[in-house]
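Everything below concerns the one structure shown next.
Note that the chains are named A, B, C and D in the order they appear, and that numbering of residues resets to 1 at the start of each chain.
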Amino acid sequence: MQVRKNNYTVNMTPTMQVLTENQIEAIYYAALAVLSETGVRVYDKEGWDLAHQGGAVVEDVQADSALVKMPSWMVDKARATLPQRIRVIGTPDGDGKRKYNMDLYKNTMYFGTGSDTPFTIDPYTQVRRRATYKDVRNLAKLAEALPNVDFFMSLGITQDTAVGTYDRWQYLAMLEATNKPINITAVDIEGLKDQLEMAYIRLGGKEEWKKAPCFSLYNEPVSPLSHSEEVIQKLLFCADNDIPIVYTPCPLAGATAPATLAGLMVQALTESLFGIVLSQLRKPGCQVIIGGLMSAMDMQTAVYPYGSPEMALLSAGYTEITKWMRVPEYETAGCSDAKCFDEQACMEAAINISTAAMIGGNMIHDIGYIEQGLCSSPHMLVASDEIISRTKRILRGIPVNADTQALDVLDQVGPGGHFLGHDHTYNRFKTENWRSALTDRQVYADWETSGCKDYQQRVQERMVEILEADAAPLLEPKMYQELRRICELADARHKDEELDVQMFV
Amino acid sequence: MRTNYVANAGVRFNVFSQDQLEEMFNGVLHLLMYTGLDVKHEEARDILAKAGAWVDGERVRLPSYMVKDALRKAPRSFTLWARDGNPKHNIHIGPGRAHFGPGPTCTHFIDPETLERRPYTKADVPLVARLVDALPNIDFCESLGTVGDVHFDLGALYEFAGMFPNTSKPIVAWSYDKYDSAGIHEIAVAEAGGQRAFEQRPNYVHYCEPLSPLVSTFEAIDKLIFAATHRVPLVFTPCPIAGGTAPITGAGIITMGAAESWMGLTLAQTLQPGLPFFMGGVFSAMDMNTMILAYGAPELPLYMAGLTELAHYAGLPLWQTGGCTDSKTFDGQAMIEGAMSVFFSALTSGDLCHDVGYTESAMTGSLFQLCAMDEAIGYSRRIIRGIEVDDDTLAVDVINKVGPNNHYLRQPHTRKYYKSEYFYPKLLDRQDFENWESSGSLTMKQRTVARVRDVLATHKPSQVKPETMQVIEKVLAEAEDRVKDKK
Amino acid sequence: MSEILVQLSEAIIDGNVEDIVDLTEEALDDGIPAQEVLNKGLMAGMDHVGAEFKAGNMFVPEVLRSAKAMQASMDLLRPILAEAGVKHTGKLLLGTVKGDLHDIGKNLVGMMAEGAGFEVKDLGKDITPDQFVSAIKEYQPDVIGMSALLTTTMRVMGHTIKALEEAGLRDRVKVIVGGAPVTQEFANQIGADGYAPNAASAAELARKLVS
Amino acid sequence: MSKLLEKMSTAILEGEAEKMPNLVKKALAEGTSAKEVLENGLLVGMQEVGVRFRAGDMFVPEVLMSAEAMQAAMVVLRPELAASGHKQIGKVVLGTVKGDLHDIGKNLVGMMCEGAGFEVVDIGFNVEPENFIEAIKNHQPEVIGMSAMLTTTMRAMGHTIKAIEEAGLRDRVKIMVGGAPVDAEFAKRIGADGYGSNAPAGAELAQKFVGAA
């Protein structure tokens, strides 16, 4: 009796495909055409000089910018040195272990939050207001506790700190509450330097960073086809200092990108390819993650929708392109256009998390966003964690073998019997069947007895429970003081800038 | 000009590989041949025995050639027709097409006025049918409830009588027994213009449900025989519960449920070769604490997707499931569960996806859930249309024309595509915060309630022929007469 | 409390069917009265199981394991208890009504009730009103439990209660009903004594009705 | 109202820019005053556009086509209005502030303002405070609109207002601000005259400032 199958293919997970390889190639080569024939505008002289030295054509040089056209061979050359695998590992816990590992390459998948929303929903009053330091720390604490959140971004701008230096304070707030890998933002190059210094302190030195960085940097060129001075300077700094860069445009179909989804992907890819080439010119092997937030303008309200089906579809399609290129991908999901955490937020997140999980971007960000990315919601974060867990159950697929097909069990139980008492059930029910405390499955009478709580109320209770749970501080007082000092020094350097300090709260 | 080029028309999705499907298929044949089913209908056993089945008491085992023969006879593509000939309401069953509709037999209903949960009544049937008729992404009709305020034997008949004049979308008709079936058929045939006309353009589908594990009940088979002999397209849909009435594993429940369907298929094709036949139904897991069949579990979309692939591999259309929830109310859970199941259902192109609008694990029907799911279906349909890639959509020329740091709002290219490329929601709100606030800070629940009430107040479905109305009255009167002595 | 009784109740909680017979024998050999083995060992374990199940920490397959362990031990204890003249909590007669072939819920109620100390007689499924009537005459139960999973069959529970009345048996038994489409309201309507939304509360309800 | 004016407002609604110059010329030739053409023809159409857009019955590209039609009419009408001494609706200077390259929102406001009959001067993105001041001096606008998409750049709006004050120009213009992270409270804090939460709101605000709405 042969027990092992031969010449037999198994789907280990469900598979989803938006584009064929031919279609991916059509988009890729179109992007090469745009990069070499239309070019991109670069608002940084160091940037266009570097491109020029590397072989690019530089035209229409103005005081602040130049048009850069890159022949396709430059892309081929850059891709040869571009890392196909990037690791980001979180900060050490009490035992000095860095346990949250993101190993970004073709088929791995990690979920994380979005960043830098001006507003947040207060966890207790549930009213929308400007985000503060404490909010970021609270949201990081939630992320630390939620098992399906793998990395964190500052779900709010700390607007009770100085505007010119808030990035350091945000980073401090995050370090206070989570050891998970972080994708930081930086106000400017100075803010990036400060945060890198903080990371060195937190890790215990530059050598530890070299083993694996504990953060990546979010860096956003402006669509269509423009790369600002800040963005270029950050890119070059990251290349020099082994910081993984998320080089991610946010094109909007019909407004800042062609109206067609394929056209938008061509443009987005052109924008990212420029970043890839420039980074490899500066330092071969420089770690770049591409992707972005892509959606279509809502032509009725003129907003940038974060919960649209086009967003889900573009994210999925673009991920396939990056997988084909073997560049780590920065996808989008878990976000909504709803103005509060309501049924719409849940519906949009359910579908866009499903598509993201089925396609599998390496870093899937923007969990916890509502209101078109302008507001963060702790409820949305908690709910998304549960939705991710649901989709992971689906990702486990349906294994087919003698054991799972259970023909012998069926024969034993026979017509009219039941499987509840069978060993086959007893041994598997906890792994086969997904359950969650947030999802109610009581019969009506029991649900009534337990207070008729709806999902939003249960999410609220779970969120408060996590926030109020005792947790040992992640930072020793001395470490906290050291990190805080960098923030304060930054504030001191900026203290004369009017309107900058305490602008909002 | 491109050569040697393959494109996806829409998004592709697979749970099983071809090898796995072949193995699943053969597992079903094995089960039917060696374990078999109990068929609790003597006439059916005789028919099957004559056709080659091995009958041993109630147990019926089918040699594989019989099942394969039945599969070959059953059509993969056919049309379900709108009773009024409205081409927009016809359903073309075939590869790559997913259609959606409500489910039957909930005991309770969310009152559209008070929003309270209460028993389902006769007066609710036309409301469901009218909403179905109006919603753009709902394609067929079921009643979302069991009529509780008529004689207990006549619920199904009143359901059909209430739905038929209130929507011209094809109806999937549930019934208690073959007497109901006959009454329902008489109404449908009257509108079609005779049995022959009905056979050519069937305007409803008959629904039967065998019992898991592995039992073909008397009623299910009796109704199947009626449908087959009258050439009514048939849904034969078991409702196995993984870990309860089916093996706990996905491959096990699908194998068993398919065997239950194919017993019905074999009988139906023996009686009426070529009868349109949907295998089905609701495959999900038991919640091992509350013991409910979990209509919102992630196992449901997963198992249904696997089942769909098996059905299509075998060449049959599928009676899919989605848009349903275990939630007791219109909340985030209801949306997450409903949206995920319709999304996966759309991805797999399960041919008729039912139970849209179920809440409370199929105990309560909700127009609001139905209306919200209409939006989720539209949303999902946009995604599964995929991304078109050709020279015009790649837009290299347009990008070149616009160049860096400009915009596309005034481009003819934008004007050409902005309506067809994007989904425009009806319930999902995309205003900015200030506008949303000044328009009343409405949640999706409030907007959904408003939309349902608006549709119910304004939508007018096409009318049935006057003669049909007379037949409906006659059928109901005869039925009342039949049961008047039964308490 | 004796170590062995603790082990017995743990074996019940863990559903340890393999060891429970040995443990029961050991306890009896130690001279612990059968009544105490039942109450302080087995029932203590089942009480815990019931509570954990209700709290959502234990699951049906585990409860069934526990019930199976309980059964294995009871097979040993039952003759000794009968000899000692110890009375059961009560007798429970169960059946799924005519037309309905679903019986998982009912089976589970049976197992839970056994765990609660009832002697359970399960008539099976597709049971006519007449069959219920003659079974009551034969087994003299304290409680009868009826189950229906279909909206189409739940009305048969009403017919059965009517048949009990007509047979003059209604006062001799308490009637409880359950099943997915059944509600408290429906139970009142057909004149049942109680309704339970799930298996654990059905066993509890039965216990309440006989105490 | 004359048939011609009705045709004109319909043409605006339908976004038929190519028809507009002739329609306006014809109306003027028939003796309709420039003021009447503007108020009873063009603006009637644009008001309907606004109503339909807010109701979700018109889409951005359609609104922009209407705005283009309005512009095409204004090219012919503007000299006539000036000649008849009739006050034009007004002039708006728009810019995205220093450090910010995002200008799609600002562009939209511009197009909407043009649709409302304004003359729009767009001074682009990454605009220094000095350039705003220069634009006020050169173009003499009634309204200044500033946009910022980033939290880091929105403070530059405050700097710009300050610079305008210091240049002694603050009383000569109304200032409106907008952009994703901006809200009414912030607008008040930095001393702006108003805040528009989206492009149509921006255009409406500009109209309010000049007393045209």
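Definition applied: a residue touches a chain if its C-beta (ideal position, glycine included) is under 8 Å from a C-beta of that chain, and two chains touch if they have at least 3 such contacts.
Here the structure is a predicted model, which means the values were calculated and not measured.
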item: Partner chains that chain A and chain C have in common; value: B
item: Centroid comparison with chain C (C-alpha atoms), farthest chain; value: D
item: Separation of chain A from chain D, taking each centre as the mean of its C-alpha atoms, in whole Å; value: 38
item: Distance between chain centroids, defined by C-alpha means - chain B, chain C (Å); value: 39
item: Averaged-CA centre spacing for the pair chain D and chain C, given as whole angstrom; value: 78
item: Where chain D touches two or more other chains, by residue; value: 59-61, 101, 104, 108, 183, 198
item: In chain B, residues with contacts to at least two other chains; value: 211, 215, 243-245, 286, 288-290, 292, 361, 363, 405, 407, 409, 414, 418-419, 432-433, 435
item: Interface hub residues of chain A, defined as touching at least two other chains; value: 222, 226, 254-256, 297, 299-301, 303, 372, 374, 416, 418, 420, 425, 429, 443-444, 446
item: Contact pairs between chains, per stated definition; value: A-B, A-C, A-D, B-C, B-D
item: Contacting residues of chain C [partner chain A, same complex]; value: 56, 59-62, 64-65, 68, 101, 103-104, 107-108, 125, 180, 183-184, 197-198
item: List of chain A residues in touch with chain D within their complex; value: 43, 64, 116, 118, 157, 159, 163-164, 166, 187-188, 222, 226, 228, 230, 252, 254-256, 297, 299-304, 372-374, 498-500, 503-504
item: Touch list for chain B against partner chain D, complex; value: 405, 407, 409-410, 414-415, 418-419, 432-435
item: Chain C-facing residues of chain B, complex; value: 105, 107, 146, 152, 176, 211, 215, 217, 241, 243-245, 286, 288-292, 361, 363
item: List of chain A residues in touch with chain C within their complex; value: 416, 418, 420-421, 425-426, 429-430, 437, 443-446
